[in-house]
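What follows is subunit A paired twice: with subunit B in the first complex and subunit C in the second.
On to the complex of A and B.
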């Protein structure tokens, strides 16, 4: 990493650490949402930006992580820490099953299969009322005493997401990530170098699912609730928009995308009920003006 | 899959590096390979020629695991490898390049070679090491070998066509193959560049004792480097032998070497 980059990351880290603490509980909640969605969009971009796999069902793993936390705490009275730990595990196990079938396909067929599995999970969440509360979802999840204060929970989420994103950074710059990029560029070539490309993509799918599940779990514990809408197909568009908006080919792109998206949504929806109209217009403008994303470069190169 | 050790019929002949026994492959009603038997001794630089649709690509794709043969067996240094997957064959020492140049265009030349080296050393799964500093010396040596050392930080997609072909060669060599299959290594090059390019491969193969099998349309290229030639026609081996033998073979002359432009056009239509 260059010195300038290190400096920028340090400034960003300092801002993340102190800025929200001076704000009220509402903005602290929004900041938590932005962090969680940043991690969610990053996990999605591991698939799309690095692996060239456009999943149209990534919300499944965010939602499953959230439901994992919700069901464990509300129905099985599991402690907070166990529930939070279970979120990425539940999502990873589900992603392993879905990925096993999905990575056999590519392009639009891969997208459709991930989408179909997501609809399956959505239907289960809606119908298995005993466990999931059906349409009403699960509410009333509480954090342990020390984390009740939104400011403290913000710092907790910041710590976890920073750790997770740091881990993702290591992964994409490790042989695993380099090989993944090579598969994106030319899967057949990589295959003939002796790499089991399908297994490589499958592992990527599982890792992406695990991080999405962690994000979902953290978000459920922020709102204290889980709703089936989080598993709905429209929810899968969110990380796509965030990643594209921020820049698919830059490591930190999805973070920027998530913050801009959540920020815009919060500000505009506070002023008008027609906020999706304004959101849509602004996103179209940004995508047209900055084709490589907010942090993107024109060279189209995946940043290091 | 069981690994069958098998010896050639004639005990006086050393075990070939590659032994293809009565290979057959159909696509629906089309017989792409019909009873193809080829033996390749270590160190050979074998050309496979034939009109379009003769089965050259099918042969290569079957040998590298993209197609499963319907009939016949393939042995690599005496070990049966029939029907293995591409990555398994690559790990057994079968390398290849592609007719349409296959490099990783969004990565630098150095990274392209590094990925191949990491795959070969079984490190592709490593999730925590810094890939950038791994096997750099070896990668540079390979770029040196193909004359691309000064292009190491250029994105592969921005290299000239000939340079991409050379990079692809470096990628293939990085996996230290026992057998290298080159599918039309000079496709898309100017006549002069073709001879230079194949001479480079030929020299490297000699230096490191690599066995090569390649397909080629340019007869000047074939006769310049091939140690032996196999002629395929309609999925069958029509002739095989030293270059001068093949050149003198009247049957080969009829169907291929002496073909008139109109014959060639007819072949194209059939293919």
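On to the complex of A and C.
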């Protein structure tokens, strides 16, 4: 990491640490949302930006993590820590099952199969009313002790997402990440070098699922609720939009994308009921005018 | 738990009742024919342009709203109904052509994620524009008198309009077959589905072909929406629901294949009709399970060809 980059990251870290503490509870809540979605979009970009796998069902793991927390706390009265720990585990186990089949496919077929599994989870969440509350979702989740204070919970979420993102950074720069990028660029060649590419992609899918599940769990504890809409197909586009908006080919791209997207959504939907129209227009403009993303360059690639 | 098992057993005994079986079969086929109208266009567009058009549900929705306005504001009765079908198809033909020229032709060479995002963005633009032009109220559209009510057929009474849907579906399937096999435009479409570079190299104007295919697909969706208006609640959210069913159909039948879209539609229609009978709360789950299984064992679908 170069010195300027290190400086930028330090300034950003300081800003993240201090800025939201001066804001009101509403903006603290929004800041938590932005952090959580930054982690979620990062986990997605591990698949697309680094692995070249376009998952159109990533919301499944975010949602499963959230439901894991919701069901454990509301129906089984599990303690907060156990529920939060379970979120990435539940998501990873599900991702292992889905990934086992999905990584055999590539391109649009991979997208379609991850989509099909997500819709399976979504319909089950809708219909298994006893566990999930169906359409009404699960509400009334509470955080213990001092975490009730949004400012404290913000710092808690900041600590966990920073840890997770640091872990992701280590991962993509380790041989594991190098291999993943090589598979993205030329899978057959890597296979001939003796790498079990399918197993590598499978493991990546599970890891991405686990981080998405962690994000979902953190978000459920922020809103105090879980809704089936978090698992619906339109939700799967959110991490794609955030990652592309920030820049697929830059490590910190999805973080920037998540903050800009959450910021835009909060401001625009505060003024008009036509947020979807704005979002659609922004997405179309992004694809046509800024395909490299905010932080990206057209030709740049991760880590080159 | 026992009562649930009892209930399921009760449901299964319905399969021994011929009236129920005939009625569910007809209802599955008629639902399937509506699905065919949406998924045929989706499949044609994917086959030629390789773009999975998420906005197709929005085009269908637009067709339904246009038909509703024609019947409500312009002309009632049977002539109004016929006019609404023509208006739905004609307007969407123009919208589809316009969208292709303005937006879609810019992304044929882009990565999958950009293609997916562009049509995804369109979903919300179309959905909200419909809400702005009309409003957020849910409405029903009356079928013309000739087609409302019920008809007795092989021992069961069945809504006349649903029978009419089956006939129209068959007519559209035949018309598409003739178009694809007996006209130059259709032969180009099939050739482009197989190898578009080669078709271009042979001197066919593929730019115009792509516009034409997108317009045709959109017109089919608009026609389907207009036709479905009397059996649907025309309201917000229609576009995001409809597209999911169409995806399932196209994946099962094979992306790019019209016979596949027909078989996939009927299959999904029937699975739904009988699934509801056996496991009322799990019927939806069944269709997605079917989609996942097909993708696992035969990713190119029942009638598609491996790439």
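Heads up, the rule we're going with is that the second predicted complex is superposed on the first by the 294 of 304 C-alpha atoms of A that agree within 3 Å, B and C clash if a C-alpha of one lies under 4 Å from a C-alpha of the other, contacts with A are read in each partner's own complex, and residues count from 1 in each chain.
Keep in mind that, in the parts below, contacts are C-beta pairs under 8 Å (C-beta built on N, C-alpha and C of every residue); 3 or more make two chains touch, one makes a residue touch a chain.
Bear in mind the structure is a predicted one, so any value in this text is a computation, not a measurement.
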Combined model on subunit A: subunit C and subunit B, fit or clash: fit
Partner contacting more residues of subunit A (subunit B vs subunit C): C
Touched partner set for A:185, first subunit B, second subunit C, both or neither: first
Touching partner for A:171 - first (subunit B), second (subunit C), both, neither: first
Touched partner set for A:200, first subunit B, second subunit C, both or neither: first
Angle, in degrees and to the nearest 10, that opens at subunit A between the C-alpha centres of subunit B and subunit C: 80
First (subunit B), second (subunit C), both or neither touched by A:271: neither
Touching partner for A:3 - first (subunit B), second (subunit C), both, neither: neither
Touching partner for A:120 - first (subunit B), second (subunit C), both, neither: second
Subunit B and subunit C, minimum CA distance [Å, superposed model]: 15
Touching both subunit B and subunit C, residues of subunit A: none
Of all residues in subunit A, those that touch subunit C in their complex: 48, 54, 56, 101, 104-105, 107-109, 111-113, 115-117, 119-120, 123-124, 126-127, 233-234, 237, 240-241, 244, 248, 274, 276-277, 279-284, 286-288, 291
Complex interface listing, subunit B residues touching subunit A: 64, 85-88, 90-91, 95-96, 98, 102-107, 111-112, 114-116, 118-120, 123-132, 134, 155, 171, 174-175
Subunit A residues within the subunit B interface of the complex: 170-171, 173-179, 181-182, 184-186, 188-197, 200, 203, 249, 299-302, 304
Complex contact set, residues of subunit C against subunit A: 50, 52, 103, 106-107, 110, 112-114, 116-118, 120-129, 131-132, 240, 244, 247-248, 251, 255, 281-282, 284-285, 288-289, 291-292, 295-296, 299-300
